[in-house]
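Please read the structure below before turning to the comments.
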Amino acid sequence: MALAKALAFKAISLMIVLIGVLFLTVIILGMTGVSDKILRSILNEQLRGIRQQLATRIKDPNELNKALEQIKQELIKAYGLDKPWYARMHKMVLRILRLDLGYARTIQTFSGSKKISDILKERIPNTILLMTTALLINYGIGLLIGVKLAAKSGTLLDRAVSLYSAVSYAIPTWWLGMLMILVFHYYLHLFPAGGMYSVPPPQGTFLRFLDLLKHVTLPVITLIIALSGSWIYTVRAILISIAQEDFVTVARAKGLPENLVLRRYIIRPAAPPLLTNIILGLAGSMGGAILTETVFGWPGMGTLYYQAIMSVDESLILALTYVFTLIYILARFLLEILYVILDPRVRY
Amino acid sequence: MGVVREAFEEFWQSGVSKAGVVLLAILTAISIYVVLTMPMDFGTRYWNNPLYWADNPKAVPPAWVNHFSKVKHTVHTILIASQPVGVSYKTGVYLKYYNMTYNYVYDDFPSFITLKISNVTFYSEPPVIQLYITRPDGFIIPLYTLSIPSQPSGLPPYRVFSKGSKRILLSGDLYVARALSNFLYEKYGVFLGTTNVMQIGHEQIVFGDMVNKTYFKPLKGKYIISIVLLTHDLRDSIGRVEFVIGGRVYGLMGTDTLGRDLAKGLLFGFPVALLIGFVTSIFTTIIGASLGIISGYVGGKIDELIQRFADIVNNVPLLPILIFLCFIFKGNLWVMIAALIAFGWPGLTIVVRSMVLQIKSAQFVEAAISLGASKWRIMARHIFPNVAPFILAQLIFFTPSAILSEAALSFLGLGDPRIPTWGQILEYGFRNQAIFLGYWWWILPPGILIIISAVTFVFIALGLEPVVNPRLRRWR
Amino acid sequence: MLLEVSNLRLYYRTIRGLVHAVDGVSFDLDKGETLGLVGESGCGKSSTALALMRLLPKNVAVFKGKIILDSEDITSLSEEEFRARIRWKKISMVFQGAMNSLNPVLKVGFQVAEPMIIHLNMDKDEALKRARELFKMVGLSPDFVNRYPHELSGGMKQRVVIAMALALNPELIILDEPTSALDVSIQAQIMNLLKRLKKKLGISMIFITHDIALASDLCDRIAVMYAGNIVELGTAEQVLLDPKHPYAQKLIASVPRLREDRVPEFIPGAPPDLVNPPSGCRFHPRCPYATERCKKEEPPLISLEDGRIVKCWLYG
């Protein structure tokens, strides 16, 4: 029961964040007049479709225009474009909550759809593929090296890694990505510069997988280098502090084998604070992934962001802001559930 | 004072602190130099004004690569003459010579050649200006003739090209091509039409020696570039002639595809980065710390309200919101800084609050309360001094994240076009395929400068940590 | 004789220099006997315990001496043999501060059962069943096996830790300040529990405390430690009622008494620096009876007629 209550509390506070972001964006769009612009572009897109339909039935151009004008007026009313922005704010919020995100200006899906929800459906899995691959590898590497370093605290290697952590915090991920392309693509010709598959993609599942692997390598390495520094440092610091706890000495006194002590009495109790750090760093890691995508032209949300900015597409930016926040909050909530599983102290 | 001194000595012990302070001193010195020597509207007046950079070679590496390369690349050179070296008279016409000598010692050809004429003064008929180049092999190529358009109205002396100089891009000019075609026939007996000459490139023919009638190799030696003013009136003159030999390498940091001197843009980035870092971190810290102190000390409903709000703001994913705001308010640096502040304070508020709660229960505060000290006095005299070292460390720690955030947003094309930053230089490079064309001088330096400026503050923050922490631990 | 410790030395390396934490400690212990190890904090009592368990910190410089348990020299065992055969099976320990002795993310029942699973190859259910019995024995509800440490009070946690120490029926339990972190009323409960266990199970114990009164409550014999040495060792009665060593005298005089109209004394001077221990007798700078000899020569362990041992020139 208490468990459900704790999770419900988390869920509510995360929902407030989502709604808060939504309202903030909608209010800013309304106040700056951008929401009018977005609605008009949706309306025009719809009118174009209607025009094509009507054109098959009504042959007289005057008749056609008249009919269209009538429909247009109806639509303006329906969208609330005849009213000030705050009067239709709730409609806009509801529309976004239903993921009815409108149409993109120039970007389309492979099949040619300009519907933003279609575009996102195509892009999000790619982002999640890149992000989860990079983050999971990063967390794994950080744990391995952090554990090793914790045992060697104070050595030269340990201090070198601390310095690396400080510098890696200061490296912009996206710049590192550019550097990687310059070195490994331009000079060494080892990896493709960007994208997800070669053009044209190779035939056969296995070859396609290899091709994907080749394309994913550089962005993943970039992300890992940029993120691992502070993560290794965190793992090391947390493990060192736990290794000094009394219960670790007790475990040794109990005659438990050393690897069991490490696993069950150092790493396992470190899981909740480590997870807390992952949760705190989640937004930053996701941001890093978004920027890395842009550099490598990875066809995900990050590249979409860049394309939206370059094509000055307000609807798409709004949709991305909302969907990114939504994904972040879902990921956050999954981690919170994991936290509750890992840390008995919050369960009751 | 003793405490401060002691704290400083402790801080100064570690290597990272020293490195951080030295770096900060360098960054500050460069920034002061830039503020004193470069105009504040550098961005609009020069950086984003392509005309200003028109005489520069496009996308060439820094000049110092010649030290590391076997092939010596043509260094960008501007020859200037403003006084005639001699006058001669021939059949009713005076010839005024403006000569420039150029020692050509490179293994490749210039990227372009340009002639610039300014301030031509005449009294009666408009004069004619001719350009001759005397090559090391003794050949003289009459490269170009410029007739001054018919005289303007009014009384003499008449002046032309006085507002802006007349700029003639000799490379690719059809007239020059004809002259070169003649030259090739005369010297090598090779007949090449203007189209072929254009394909080869004027610079190659002017500064080259034809080998086997097939290709050109650089002809090293002394070139004399003469500008001749043909006139009927001895008082007529040219104010200034410039002959630009477009380099294959340029300056300290090379140029971008617009010919902009990257050294200048990078230099201007120093004060901007520090400004962004400091303004953001100072305001973030002030807001975060005061809300934290109020929240922790006043408690009750206000505490609850501040903490709930801080929690919500703290959980907002920063990047999409920043992109959204900067996109809607079209590349405005102040909006960007305001957004960074607006979403940056909660972390500090939450931590400071918990520290204040600990200090509040310390004996000396209870003693002050029982002595009847007012709330504000206790906050200012007892609580603030105890959290101040931590707040200072946070101030330092916020700085790099602001610099990095600005760079990231600039990279996404959301920078403020009025104020060039390192991130914007990188974005322009990225958009112009610099990484796929191997323009390393365009990509490496801005990134390295971003890292150095961020690392400066990370180092100082790391050095402050042991100084600040034991002071905190007392209350734990 | 269950345990014979002779000339045990344990030095640590620190930035300031070598710390002589345990410097030639010798004592023995019979089956079913309880020995109190009493002294100020920093006198080497806990280090002696850690040395017996061979739980040495990383910065150990010297670890010497002979420890014979059940007529076996356990100092000559390899690390792995020591872990598998001695730790918890023969010697278990209740650590200072029960609050932190339990892993916060494991159920307490499992933590009690764990040594049985590891050392006796019991399966988990069997071990947990035995853990429930142990819980009952230490006065906890058997259902508490399914709780996490944070769900228990300090006294309950201490009982869990004691149950854990009993899990493998060890021959010797070392109790390192088992009650110092607890409220006085809970302290009494735990002491009663220990007395009951001692009577019921007949286990040998080493009881480490700074509180000599508490030690006298439980122990058959008491060893008083000062600056890494045992300065007096005798029956509880002897040491408590008629201490011979000047330090032991001072220590006992410093204990407040309820029914006596006497101001508790304090011991003048500060505890010695274990990096540069005083020459000769380590207590001489604080000793009212110190002579020139005390400054120069370290007193030997002197056996008195009543069987006790004193390390003091007054008796030599």
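For reference, chains read A, B and C in written order, and residue numbers begin at 1 within each chain.
The definition used in the following text is that a residue touches a chain if its C-beta (ideal position, glycine included) is under 8 Å from a C-beta of that chain, and two chains touch if they have at least 3 such contacts.
Bear in mind that the values here come from a model prediction, so they are computed numbers and not experimental data.
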Chain C reached from chain B - shortest hop count over touching chains: 2
Chain nearest the global centroid, as defined over all protein CA atoms shown: A
A-C or A-B - the one linked by more C-beta pairs in contact: A-B
Distance between chain centroids, defined by C-alpha means - chain B, chain C (Å): 71
Chain A and chain B, separation of their C-alpha mean positions in angstrom: 33
Chain centre separation (chain A, chain C; CA means) in Å: 56
Chain A residues touching chain C - in the complex, by the definition given at the top: 245-247, 249-257, 260, 264-265, 268-269, 271-272, 342-345, 348
Interfacial residue positions of chain B with respect to chain A in the complex: 16, 311-312, 315-321, 323-325, 327-329, 400, 404, 407-408, 411-414, 423, 426, 430, 435-438, 440, 443-444, 446-447, 450-451, 454-455, 458-459, 462
Chain B partner contacts - residues on chain A that touch it in the complex: 13-14, 16-17, 20-21, 24-25, 28-29, 32, 34, 163, 166-167, 169-172, 174-176, 178-179, 181-182, 185-187, 193, 283-284, 286-287, 290-291, 294-295, 305-306, 309-310, 314, 317-318, 320-321, 324-325, 328, 332
Complex contact set, residues of chain C against chain A: 53, 55, 83-84, 86-89, 92-93, 95-97, 100-106, 114-115, 118-119, 148, 150-151, 161, 164
